[in-house]
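Pasting the structures in now, so scroll down.
Presented sequentially are two complexes of chain A, the first with chain B as partner and the second with chain C.
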Partner chain A sequence: MFSLVFILVVELLFFNFAVSSFWGGGWGSSVSMLGDGENFLFTSMIALGVMFVIFAGDIDLSVGAMSGFAGVMMAEFHLGGMNIWVAVVLAVAIAALIGLIQGLIITYFKLESLLVTLAGWFILQSAALAWEGAVPPYGFPKHFDSLLGTGTVAGTVPNQLVIFAILALLATLIVHRTRFGRQLVLVGHNRDAAGYAGVRVSVTRIRAFVLSATFAGIAGMCIAATYSTADDNLGPTLLLPAITAVVLGGVDIFGGAGLVPGVIVASFILGWLTPGLLQDGVSDTWASIAIGVLLLGSLTVKGITDRRQGVSMLDRLRARSATATPGAPPPAPDAT
Partner chain B sequence: MLHSIQKWGIRSRIATATGAVALAAAGIAFVTIGSTTAAAKSKCIKLALEFKLQGLPVFEANQKGVNEAAKAYGICSPVAYGGPATASATGQVTDIQADISKHVNVIAMTSDDPQVPAAALKQAMKAGIKVVTFDSDVPSARDFFIQDTAYSTIAQGVINAAVKAEGSSAEFGIMSSTPTATVQLAWIAAMQSYVKAKYPNITWAPIGYGQSIVATSLTQAEAMIHANPNIKAILPIDGAAVVGTAEAVSDLSDTGKIGVFGIGDPEPNQTYFANGSLTALELWNEIGQGELIDCVAYEAVNNKIHAGSTFKCAHGPSGGLVNGPAKWTVASGTNATTGANKNTIIFSKPLEFTKANYLKYDF
Partner chain C sequence: MTAVSQSLGRAPARPGTRAPRSSALRRFVRRRELLLVIITVAVFLITDAVNSGFGTGGYISFMLADAMPLAILAVGQTIVCLVRGIDLSVAGVLGMVAVSTGFLAQDHGASVWLMLPLALGMGIGLGVINGLFVVFARIPPIIVTLGTLIVYQGVQELICASRAVETLPPMYAKLGNDNFLPDIPYMLVPGVLVTVVVALILWRTAWGRSLYAVGSNAEAAFRAGIRVKWVLISAYTVCGMLAGLGGLAFLVHYDSADSQSGLSTSINLSSIAAALIGGTLLTGGKGGVVGSFIAALFLEVTIQAVIVLGVPQVWDQAAVGTLLLAAILVNRYQASGRSLSQALAGPLRSRWQPGHGGAQ
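== the complex of A and B ==
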């Protein structure tokens, strides 16, 4: 955690000297690098959501498409005559419901979350495309664009940073201060043990999917407000950066370990890396390579320390597939 | 569990510390790259080119034209160019913001989305930067738009080529990119209305969508051929669709039975011109378009052009533009036939590529 903060400080200090427009017009002016927050904070929101699912040892590949679909839903409701805020609440609620359905399918039929949410990705993106038709919906009320998108508090703090701060605090409290959070991490650490300990494993996992979809839905609203348009294409590109932030933040990709503040800091590291390098005169292609190197570097070192402690990645993969094999000892009684 | 979190803490601390070292090393490398490519401070016009994505032959041809004519128009050379690694409108927004902070004079971009970059481009205009869009427009946030060709002319070119080869009472089918692509939609509408007026006996198979992916275009084209056994001509109107359709026609040994007439660039399709599965392609001269970008950037920065005015581009390396007319007009209002709207500059008449001339062009 401290070292993540250290990376962030190094990065910001570095850009402070390397990029002349680093401070620019200050926060929220968007001409400054620090004001670039509105270009990545919605990715951070999606990262917080998918983090719950990863904590529980699952994965949710539908979050990017979900945010795009939620945006298109909200836009179409609004352009159909609905009040914009009613449309926002309804769209996020439907996103949560879709998350619930995905969670139910995964736990009830005992399917791999990777495959079910991959199917969800295809369905949601295509549904958004079919719904938006030839011309993606655009043109929302100014107060909506400003409040969830490009507006600032007192001319300095971007509104989206406030929204993200609330969501981040909420996520930290949920994971580290509630019973559900403890159960979530335990389910990810060892599903069978959690079951024997009386944790309702399926309910816990389903809740994680609902949270993931809800956060993606909220991110979808912010994306629509930032660009004043909704488009099926806008969400899916955010999926991999979001998962990268979760993993770089130190959450175990197999679940069961990690700290929410790590994910928050990691999402800022990644968020500022691309615009910082671009403004320093480096092309987008090289910025992507830098992100890849950063991720690979930190994972490799983690792998090396794991091996020293006698747990190799391969062992953990074996352990994981062993529990998923039908011939394995009967799973723990499940209260769903 | 608390134990496991503590253990994770130590491991991750080492991991991220190493990450920090990697980042710092990468950073030093990038600074070196950055400082060598940064344009020297001078009085030349700083033009930033922004493509839909990097690495497409047509955009590289644009870039070639821009660089060839840059000096003649007082533009800093070589011209800085950007564009996301994948066609993403949000990636373009990040690039535009970097351009604003670098205080460029002109941004010339072809957009991945007609809406998404609007807010960032408006910000650029507010900061005194001239915005010129080309190929794909952002209608609400630019000073000038360079439209490739008049929609009606290129549509008529494709239809006339197909009718000449296959007759005026046959079944045709269009292969497009995605159902929301702006230019493709305009071309489809222009082709359909031209056929309705001039060749009423032509029937249409349902439109296929290749999603700008060659493999998908191939599948869609094969499906179109199987589902419409009487189809005489397929009209692919996107780069990937041309390759996919020509490949489908030669794979199914329908060369000669089904003609392919489309909109696209000749270089990636040399095989299909050679084996006869591709009959004709319409496009414009991408290198000449690059030179026009320089000319419009120059005129715009010096506030010489506005809606309704005409201008000449006589500074180019060959005393004018590649295949360009003597003068251009800035449209003052909307024109339904050409597709132009206010402050649009139509680049040129389409250029037709056939078996006779395809080897002459390297884009």
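== the complex of A and C ==
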């Protein structure tokens, strides 16, 4: 956690000296830096959502497509004559419903979350493409674009930062201060133990998927407002940074361990990396390669430190595969 | 206790032993392949009956050629799935190889035969990277290959640098789209060759059997003296190599490539879908490449049928996603050895009865 804050400070100091315009002309004038937030805060929101699912030992690959689909849904509702705020609430609610359906499919049929959400990703992406037709829907009311998108509070703090702060606080409280949060971490840590301790494992996992889809839906609204158009093709571009933020933030990719504030800090490290590099004269392509390298690098370091601490990968795989293996028939009676 | 016996009881028939030759695994594989052939032919005949243009020779050979890049990728994906892995980077490898070989062919007129070792070599190199991360950095395969996918695609864009492969020597288009026998395109040769060779390797060689052993139970395989790390790395390497070959096949078939090759098509998901539809389990140790090859043809015929029947093409990804969901449901039922209705009601009924529903 402290090392993450340290990395963030080093990164910001580096960009401060390397990129003259990064702080909007110098130390103290933070307009430019805060303004960059609108380019990554929705990714941070998605990361917060996916974090719940990863805490529970699952994964949700559909979040990027989900936010794109939610944006298209909201836009089509609105262009169909619906009040924009009703459309927003309805779109987020439908996104949550889709998350519920995915969670139900995964837990009821005992399928791999990886595969179900992979299928969900492609179905949602197709559906968004088909719904919007040839031209992505655009043209929302000014107050919507401003409130969820590019507007600021008192001219400095972007509205999206406020929204993100609320969601981040909410996520922190949910995971670290509620009964559900403790059960979530236990389910990810050891599904069997959670079951024997009386935790309703399936319900907990389904809730995580609903939260993930809801956060993705809210992020989709912010994306639509920022660009004033609904972008359908966000799956690949948002998914990797979101998962990278969660993993970099110290949440165990196998579930069951981690701190929400770590994810929040990590999402800012990643968020400012791209605009920082871009203003530093590095191309967009290199910036995205950097994120991929960062993901692999941070996990490699974690893997090596785990080995030093004597946590055997075999043990972790065993603990995971024993509970997460679909298709496992119940034990034979003579298997002593 | 439950956990241990579950992992022990998961695959009752281990491949490689002599006595249970017609083991559950073999019967399972055989049945799935036959089922797929029947469904594919049925889809084809029904579509042909509705739209008579579907069954003409041109369309058949087009579909056969069109399915081959996917089929080659699916064979590689199957190998990784057999050891409980997954490779999301195949699209990145495909794209990188397609543009690299494409630019060499476009700028220097290099022939396909010169490009073949290059494509295979690049694929091997990129696959080894995946394998090393999985084995030595101890990162889950899904995350490793998601990361390398982005990196490989970034490199692909760097290679392109806003150019695209557009004009290739005529040999490429000929190999990619012409027939050498009536209705049999050249493209079918590498696809069938790869499938047959890999199938024989999986059935008949120690390396092939060790893939199943590691996928079924890595610890048991380790105790039995199999070099698990080496098997894992080699699985990702072979998958990368085949993805490289798939990249060359992609280039030859489409006669072009750009920075979006592999990314813009759903070939990544489709290769995983083909492996799973073909009867391979993502949980390792079960499956085979012949099923994946047939499943690739099945996906191709289904998508073309959907297009011919007038559904907009944007839905083809959704079609693949839906078929993937259906396949993992069916795989799950077959693995649990229960009938469909039992399995559908199973999770509820067997909830408080751990012993229920096993060997019925």
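The rule is short, and it goes like this: the second predicted complex is superposed on the first by the 305 of 336 C-alpha atoms of A that agree within 3 Å, B and C clash if a C-alpha of one lies under 4 Å from a C-alpha of the other, contacts with A are read in each partner's own complex, and residues count from 1 in each chain.
Following the convention adopted for this analysis, a residue touches a chain if its C-beta (ideal position, glycine included) is under 8 Å from a C-beta of that chain, and two chains touch if they have at least 3 such contacts.
Since the model is a prediction, treat every value here as computed from it, not as a measurement.
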item: Partner chain(s) touched by A:135 [first = chain B, second = chain C, both, neither]; value: first
item: Partner chain(s) touched by A:256 [first = chain B, second = chain C, both, neither]; value: first
item: Chain B versus chain C as contact partner of A:115, first or second or both or neither; value: second
item: Where chain A meets both chain C and chain B, residue numbers; value: 129, 285-286, 288, 293, 299, 306
item: Complex interface listing, chain A residues touching chain B; value: 1-4, 6-7, 10-11, 14, 18-21, 24, 30-33, 36, 39, 129, 132-136, 138, 150, 182, 185-186, 189, 226-229, 231, 233-234, 237, 248, 250, 252, 256-259, 262, 274-275, 277-286, 288, 290, 293-294, 297-299, 301-302, 305-306, 309
item: Interface residues, chain B side, partner chain A - complex; value: 1, 4-5, 7-20, 22-24, 26-27, 30-31, 33-35, 37-38, 54, 82-86, 88-91, 93-95, 97-98, 100-102, 113, 115-116, 118-119, 123, 127, 178-180, 185
item: Residue ranges of chain C touching chain A (in the complex, touch as defined); value: 1-10, 84, 86, 133, 136-140, 142-144, 146-151, 153-155, 157-158, 218-219, 263, 266, 269, 272, 276, 281-283, 312, 314-322, 324-325, 328-329, 331-332, 335-337, 347, 350, 354-359
item: Contacting residues of chain A [partner chain C, same complex]; value: 59, 105, 108-112, 114-116, 118-123, 125-127, 129-130, 192, 236, 239-240, 243-244, 247, 253-254, 285-286, 288-289, 291-293, 295-296, 299-300, 303-304, 306-307, 313-314, 317-319, 321-323, 325-333, 335
